[in-house]
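These notes open a run of structures that come right after.
Two complexes follow with subunit A in common, the first pairing it with subunit B and the second with subunit C.
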Partner chain A sequence: MSQVGTVPREVPRAARPRTRGQARPRSRGQSPVARARRRMYWPFITPALVVYVAFFIGPALASVWISLHRWRGAGDDMTFTGLDNYRRLLDDDAFVAAFANSLKILVICGVGIFALAFALTIVLRELRWRRALRSLLFFPYIVSPIAIGVALGLLLEPDGLANSALRLVGLGGLAEPWLAPDRLFATILVGIVWVTTGFYVILLMTGQERIPAYYYEAAELAGATPIQQFRHVTLPMSWDVVSVAAVLWVINSLKIFEFVYAFVGTGDSPPVQARTIPIYQFIMTTGGRSPAYELGYGCAMGVVMVVLVSVLVVLLRRVMRRDAIQF
Partner chain B sequence: MLLAQPPPTRTVLAPRTRASQKRRGRAGPAKVAGRALVAVWVAFNVTLLGWLVLTSFKSSREIFQEPLSLPTAPRTDNYVSAWSVSELGVGFLNSAVIVGLSAALVVALAAPCAYMLTRGQTRSAGPVTTFFAVGMGVPLQAVIIPIFVLTQSVSSFAYATFGWWDDRVSLLVVYVAMSLPFTVFLLTGFFRSLPADLEEAAAMDGASGPRTFLRVMLPLAQPGLVTAFILNVVSLWNETLVALILITDNEQYTLPQALLGLYQTMQYTSNWGGLFAGVVIVVLPILGVYVWLGRRIVEGLTVGAGK
Partner chain C sequence: MKRLNLSGYGGRGVAVLAAATLIGGLAGGCGPAKPTSADSKELTYWSMWKQGEDQQKVLQAAIDGFEKSSGVKVKVQWSGRDVLKQVAARLNAGDVPDLTDQDGAAIAGNLGAVDGVRGLADVYATTIPGESKKISDVIAPGLVASYKTKAGEPFVVPYEVFGSTMWYDAAKHPELAANPPRTWAEFITVLDAMKAKGRTPLALDGDVKSYDAYWTTWSIIRHGGPGLLAKAATDKSGDTFDNPAFLAAAKDMEQLIKGGYLAKDFNGTKWPTQQNAWAAGKSPTDFLLMGTWAPSETGPQAAPGFTYRSMPFPTVDGGKGNSAAEGGVIGFAVPAKAKHSDAAKKFIAYFMNGERLGKISSDAQNLTPRADVKAPATLADYAKELGNAGADVYLPSDNAPAVAPQWVSNVWEPANADFFNGKLDAAGFVKRLKDESVKLGKQG
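On to the complex of A and B.
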């Protein structure tokens, strides 16, 4: 749920003031309402703007600056090292592994989540009680990822419910050490798909609900199967929602932290095989049993993440661009 | 409680399947597979939740020796131990206060801002709106380290000057700042959907600008403000990374942090029942809010996804 957000592109349109070329209707410009509004503008906007700049944008810019230094925090002298931190990232096997894992979550979970979400929306469309079912699919998404991680950890322990149940029904051979270092990351991938899919089902369904029913009636009369209806009606007509959902996934998937962190649970940090960029950054800065406080290095990872998100979002927008269908 | 319990959806699915078979003559294998997927998935979610709740009433011995059985007698000691011994109670209180205050503050800051951004008719309104929206794409990892340094300096400065500081105040401020982009975005969309005539009418009647905002626009915008408040409560209730970095004193832990602490000491304490109870304590309030206000949460989360 901390992964809330949407794409900047949709925002300003209506808020955008008239461009210079357009004549401003005279009555408006001079009406008492408009004048009062203009006087109120800065007093109303400034408090939010100040907090946002001081505690979000400011720190984000500071990250870029700190990433050019070797620094262990307040009290330590900052040593300017230029791009050394970035070069070090390239040579650091642990970081490369974390980077690869983050991309694996992005791609593998992304494909899984969208495939399942599309399949589920096709099925749910035809079911009665679909809202209730949808809510039951969705709820893991708004539950604390820490609680989910702990719960799955308990479920998948060597002698936990999952393995006990498998043994009970005579499938003891399938019982696995799900949380062993080698297997942990695969388990985490499945866990992420399970937790997240419900949200994308809801997102895709809201796009679908805006499509007028007569398109489906026409398709059905023409003998289209549900899958053909999906391909020729649903997908093209809710494409804008699909592309927003894809952008959201890019933004949200890369910053997954709590879920992975809580999954391991033993008090140690996740093993190298299961680390992602956020986890590795946490370990290299303030996290773990004996924090490393490599703040400059940690900031470099943060900057890399912003660059990665920006590049991927721009690429995705370009790839998914279609002419809007009016209906 | 067995995994093989029939999914609660089966009774719903069956007659419907027959109905569509009648209409269409057959239910293709893809359709059957799809429905099975929904049924299994929903059953898994419900079973997992039920298992957590039931197990939280079992003793640690029962949990290990009979992981699949029902609790022999409903025991509440697990909750007592999680709440007081493991200090989840303190965490609950910390979380409730910090989350409630931050969510209220962020709405109080964002509402006037969003109102003016939609109605301001000033040249900077568009760029400022975009400036806020950009924050939604910036991962916390790019912000958190300078925030850690900043809050540390503030706290040591405050200690040196007034002899007092509470890291929970720092946490609250950071929560407000990081929730602003989404809240401003949500509320600009909401204010834009409100009719402008009422403002004109209020002005004709001689109401001042701030008075129009307080007496006319805020009441109209109330559903949007409530949605924004709820969404922030849900997401901040679950937030853990910032808390882990800023809060170091056990007494100041937020609830997820306290649960994590309990989980991490498990190898020494073996208080498994308490851990299950802890998970339930963390999950239940949000689940309650979801059951109560689910539609609002869903609508708020998907706002802006379309046109």
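On to the complex of A and C.
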């Protein structure tokens, strides 16, 4: 525990009690409760494990296997093609573009979302109606992305609300065909930030609200500005939440699919400039206007995505590793 | 309103065939099922229509009549447009419905390609209940020529026909109804006259890239004849694009794109904004190149008095496809592993009766494949166009999405989008198609 009135510092790693590597206590010395708990371990864990293996591990391994084949998935046999699908991914401009787009969403929207979320966290802490405001911010996240995409599409039409509003206030020069192919992806990026920020604000605020108020009082007494308070109190004391939020973003951002689809339109598959990996995967397997039914190729993309997510998450966890602060 | 609504799906099914073709060689493993009992008392039907659609109502009425007259119980499921994905998923398990329906190309791609459908030669040879003619007497063989099993039997029995054509409002343009422009030069003259009056005569929802491609495809068909685009789509050498028809077509398109004939912001709006604005008279547009579902799809938005008429895409000098019309079908298919295929075939024959099939025209406002069933008024022009084409009918999108879906998604449609957005000139468009086709070909 830190003393009241001082900003807590991280507990040095060496001071952390070590549990890993210690010999496991034998059951003989355990209390009856602990023994019962051990006995119940497998009965309790098995159903979850079975479901997890059947619906996650199994299909994931199957994907790796299918990715080594050419297969259309409807009553036909698979042809083994080795690593051909992976080689093809490297040569496929459309996939490279989709891969780049997914990374752009991850990085550009990620920076936007977290910058906005941090700023809102600072501002909202001071506000009286923060719970109501927070709900309002969260609102876009709970509405179906399809509905949002369609609504934004209407809003951003050449004569839609956005441009009309700009013209009304004399800023007609800024009116743009927001959905024109060259601008579409940028508009989508902004849309994603708008829709997603609320969710991360909620996460960060939840972390912030666990921090006892006296840290802030003390910081204020010490003359800290809201930004300094954020830097020295909020951020270090809710670091675990921030790091979980960051991992969630990595996973969610690479999965983005329906938002882009809805944004692009009801009648067509997204143009190459706006495709993400999952969208391209969809088009090359069973979806879009001209589905290719290349299930092996689609699985190869899935494997690449899982590897990408895993690498990014591991890296992020390493970069963001701090010891939890007790308070 | 009824929606044939292939706008979102038309190419989809077609598309599938190509993937199928890629692995076509190994598709033989899934042979036809055992013969079924001679007299099934039930059948399962999974349909592409959804509850409440006009076609669903017409089919439901026929099912009710069929159940009464034959004593066969029909277990129907109104699955919607993705029905064949559900059927295909069941192919492995063997528990398939006895009857299904979709766009012919979708049936070919999803089921035909893996030998998942039965040949229906016996159905074609059946005398239509209540009539003296056989089904083969009333369905033009050309409509189903592309949809055959390895044994050469047709596997689709069509009950609707669709295609794209050039729509306009005859109430606003009686001069077009009286004397439609027939050649490209006449067409441009008409467009120029409209432009001079401050109009941007061509309506186009440019966010749907295949709608851009309607124009290009039609122009390639007119210059080079049916089948050229599909050939180019599968030509790994790219040499087919050296056929002068491509550059000639691209130059005609360039004339439209750069000529200021296209609706303002056509590529910055979302479908169906432009087609609805055209029908409602809210944009200064006069023509819409669109599928035969245009009247039903835009009907609710149409201005009072709007009279749907259509004319064929203009012909070109020395064009090899000047008499061609686009024609696709929606029809029934019987999965290979169907347990009650006899009952399914009986229902197909029952539905092909002129009176029952006629409701597809009278109630659902769509064209039927039977020439002796009167076309709905809005499709009379198209019916004539199709009839005049005779055997010169080309499949939707010239079947390119069926034989090369990846090419369509990654080469053809993006190039069309950039062409229509003014990023490519005619020569640049053809060059890009060729270069990227070669590149895609190398990927295997």
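As a convention for this text, the second predicted complex is superposed on the first by the 269 of 327 C-alpha atoms of A that agree within 3 Å, B and C clash if a C-alpha of one lies under 4 Å from a C-alpha of the other, contacts with A are read in each partner's own complex, and residues count from 1 in each chain.
Convention: a residue touches a chain if its C-beta (ideal position, glycine included) is under 8 Å from a C-beta of that chain, and two chains touch if they have at least 3 such contacts.
Computed from a predicted model, the values in this text were never measured in an experiment.
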Which superposed partner A:269 touches (first subunit B, second subunit C, both, neither): second
Touched partner set for A:153, first subunit B, second subunit C, both or neither: both
Which superposed partner A:79 touches (first subunit B, second subunit C, both, neither): second
Which of subunit B and subunit C A:178 touches, first, second, both or neither: second
Greater subunit A contact set [subunit C / subunit B]: B
Touched partner set for A:44, first subunit B, second subunit C, both or neither: first
Partner chain(s) touched by A:164 [first = subunit B, second = subunit C, both, neither]: first
Subunit B versus subunit C as contact partner of A:217, first or second or both or neither: neither
First (subunit B), second (subunit C), both or neither touched by A:286: both
Subunit B and subunit C contact sites that coincide on subunit A, given as residue numbers: 73-74, 153-154, 159, 265-267, 286
Residue ranges of subunit B in contact with subunit A within the complex: 2-4, 9, 12-13, 16, 20, 28, 30-31, 34-35, 37-38, 41-42, 44-46, 48, 51-52, 64, 67-68, 109-110, 112-113, 115-123, 125-150, 152-153, 156, 173-174, 176-178, 180-182, 184-185, 188, 192, 199-200, 203, 208-210, 212-213, 231, 234-241, 244-245, 255-256, 259-260, 263-267, 272, 275-276, 278-279, 282-283, 286-287, 290, 294, 297-298, 301-307
Contact footprint of subunit B on subunit A as seen in their complex: 1-2, 4-8, 10-12, 14-18, 28, 31-34, 36-41, 44-45, 47-49, 51-52, 54-60, 62-63, 66, 73-74, 116, 119-120, 122-124, 126-129, 133, 135-140, 142-147, 150-151, 153-155, 159-161, 164-165, 168-169, 194, 199, 202-203, 206-207, 210, 225-227, 240-241, 244-245, 248, 251, 254-255, 257-258, 261-262, 265-267, 277-278, 281-282, 285-287, 295, 298-299, 301-303, 305-306, 309-310, 313
Touch list for subunit A against partner subunit C, complex: 70-77, 79, 84, 88, 91-94, 153-154, 157-159, 177-182, 264-269, 271-272, 283-284, 286, 288-294
Of all residues in subunit C, those that touch subunit A in their complex: 7-12, 14-16, 18-20, 22-23, 26-27, 29-30, 85, 88-89, 91-92, 109-111, 113-116, 205, 207-210, 264-265, 267-273, 401, 405-406, 408-410, 413-414, 417-418, 421, 436, 439, 442-444
